[in-house]
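You will see chain A twice below: alongside chain B first, and alongside chain C after that.
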Partner chain A sequence: MNVIVNGEHVEIPKNVATVSNLLQHFELDQKVVIVEWNATILEKADHQETRVSDGDRIEIVHFVGGG
Partner chain B sequence: MSERYSRQELFTGIGLEGQRKIGSKHVLVIGAGALGTGSAEALVRAGVGKLTIVDRDYVEWSNLQRQQLYAESDALDRLPKAVAAKNRLSAINSDVDIMAHVMDVSVEELEQLVDDVDVVIDATDNFDVRMIINDVAQKQKVPWIYGACVGSYGVTFTILPGETPCLACLLETVPMGGMTCDTVGIISPAVQMVVSYQVTEALKILVEDYDALRKKLVSFDLWKNEHVAINVDKIKKESCLSCGKDRTYPNLDRKNQTKTAVLCGRDTVQIRPSKLMERDLEQLATVLAAQGGKVDRNPYLVSFITDDHRLVIFKDGRVLIHGTKDISEAKTLYYRYLG
Partner chain C sequence: MVLKIGKYQFNSRLLLGTGKYPNFDVQKEAVDVSETEVLTFSVRRMNIFEPSQPNFLEKLDVEKYTLLPNTAGAQTAKEAVRIAKLAKASGLCDMIKVEVIGCQKTLLPDPVETLKASEELLKEGFTVLPYTSDDVLLAKRLEELGCHAIMPGASPIGSGQGIINPLNLSFIIEQANVPVIVDAGIGTPSDAAIAMEMGADGVLLNTAVSGAKDPVKMAKAMKLAIEAGRLGFEAGRIPKKRYATASSPVEGMSLV
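For the complex of A and B:
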């Protein structure tokens, strides 16, 4: 499946079915993130249910602490 | 003198009137590490009326790669960052009223510092203090600009009380200490990029051009060539305890405050006495020297080296214990030598 993550086309494995899976795939599941899915901002509680499909446009920002 | 800000006055976003406003405003920079030194230098050069900078640490060699206000002599002298920053900032622009405080910012300190401040720049390195900034800013209705970076990645967001979501709305849960530590290093362009965003947003606030504010959560990775900007308006929560309608400012609750903190990626524990005090450093140096170990002193702190650890004791009573991440070990050393 091909999706656009942070402006880049990326090929992701079939077992990535939801936004939660996608965050695991990018090793961001332990981070605090904000996800925009096809121009809709997601509540954190929606990551589990939101399904990822071919051509989806996903933006991910994760929070860091250093300064 | 009139030449000094001519290029900035020519810039349409600012102009003569904007420059006058900048010169009458007060900015608080919390932290004098990489982000703090960058923001402070830019704002002082831009001619801000008053700048307050606070930091709890002192200059070390590993800071010089990216903390732009410091020189080798500051690391050699182990000058507190706030003091070294003020020295350099005053040399850059003597017209700016520069206040520097060597202190660990917690609720009480921040509530006083924020008084009469027009914008707060977050240049801290941990979420404990950011959550305190968040609630104080909401309570006193002061805009603040979150900024952070690690590796080649940076993230920033401008928080306007009453308009944008607050940091608690965005995070929901506060990231754990370990996750945010800079164990993967940092390159200075990532710092400078966050500084550019923060200072530009601050200038817009200082000239009162609120329409020009970015209003989006932004992140970038300079090495991976990524840039993301997300509109987070919808994330603002009515139920938020920091900015919602039944707010309680949970981060200002004294129960939630820590007296000890493991410093990010530094193999260091800070211990804050329950009551701040003024230590007599000269007397302390004599007492410590009598216990063996190497003692060094400057007007702001005493450094005491034992077999495996180094203790740095500040005038306000705080102690940094280097060479451990273990809070109970740090406490043992604290009470052994300073109890």
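For the complex of A and C:
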């Protein structure tokens, strides 16, 4: 399956079915990250049930130092 | 006296940024000695191919702080609202520093977009703290919208020029019924102290500490300056006089 993550085309394995799986795939499941899925900002509780499909546009953002 | 911003209460009047420290250990120590209770930070795309890169949040005991994400990077109200919503979706915070930059050279805020973004975010239930210029009427308009604090810049972001328009800043402080946090442009502890002596409710700074030769020492200096400035404001300064007034008594002078 091919999805666009942070503007880049990424090939992900078939067993990645949900946003939670996707975060595990990128080893980000223990990090403070926020996911925007096809322009919809997801609450953490939505990660489990949001299904990832071919062509989805996903943004994964986090907090960085700033003033 | 505590600082109240919306539903939050703080004992410290220093809000500290988390950008540009030499390393996370220095940052942690600076944050500790500053005794700040509010940390600002930004929202950015993650490098998904480097999941192990350390993040500043991991070094800090996040539970101890109220987090104040900013919308830095936004040039329009729409972008600012999106960044604010992303930050809130972390479940860690509902305060937002509205920062909509209108000019990349001066990093001065776009007043129209700042107003629009603040209005939208207030409707969404955020605790809204807009970074604004020293425009007195704009500060008033932001307050009338319902903003929980007003954050006028002392001078351009990261410039360290201190308070370049004390007159406007004093007008903003005088008219405000919500806290005024002087944000951006502070260079030295005396800049911060002057802001507090003028009656500001708090100071938000970053580069003045993170860019100092010794950030930890500067963090302490800022903490003390802000406390001193606040105490001075509360104590009430003496009026300025044109001529001298002797401090020593004039009675009994012939005995000398």
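Basically, the second predicted complex is superposed on the first by the 62 of 67 C-alpha atoms of A that agree within 3 Å, B and C clash if a C-alpha of one lies under 4 Å from a C-alpha of the other, contacts with A are read in each partner's own complex, and residues count from 1 in each chain.
To be clear about the criterion, a contact is a pair of C-beta atoms (placed from the backbone, for glycine too) under 8 Å apart; a residue touches a chain by one contact, two chains touch by 3 or more.
Since the structure is predicted, the reported quantities are computational estimates derived from the model, not experimental observations.
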* For A:63, is the partner it touches chain B (first), chain C (second), both, or none of the two (neither)? -> both
* **Residue contacts with chain A in the superposition, chain B compared against chain C** => C
* To do: Could you look at A:27 and tell me whether it touches chain B, chain C, both or neither (first, second, both, neither)?
  => second
* Look at A:37 in the shared chain and tell me whether it touches chain B only, chain C only, both, or neither; answer first, second, both or neither. => neither
* To do: Across the two complexes, find the residues of chain A that touch chain B and also touch chain C.
  => 6-7, 31-32, 34, 36, 41, 43-44, 59-67
* Structure fact -> Per the touch rule above, chain A residues touching chain C in the complex are 5-7, 10, 26-28, 31-34, 36, 41-44, 59-67
* Write out the stretch or stretches of chain C touching chain A in their complex. => 17-21, 27, 40-46, 48, 51-52, 55-57, 67, 69-70, 72, 82, 85-87, 89-92, 157-158, 184, 204-207
* Asked: Contact residues on chain B for chain A in the complex?
  -> 31, 33-36, 122-127, 130, 147-150, 153-155, 170-175, 179-182, 186, 194, 217-219, 226-228, 230-232, 234-235, 264-265
* Structure fact -> Interface with chain B, chain A side, in the complex: residues 6-8, 30-32, 34, 36, 41, 43-44, 59-67
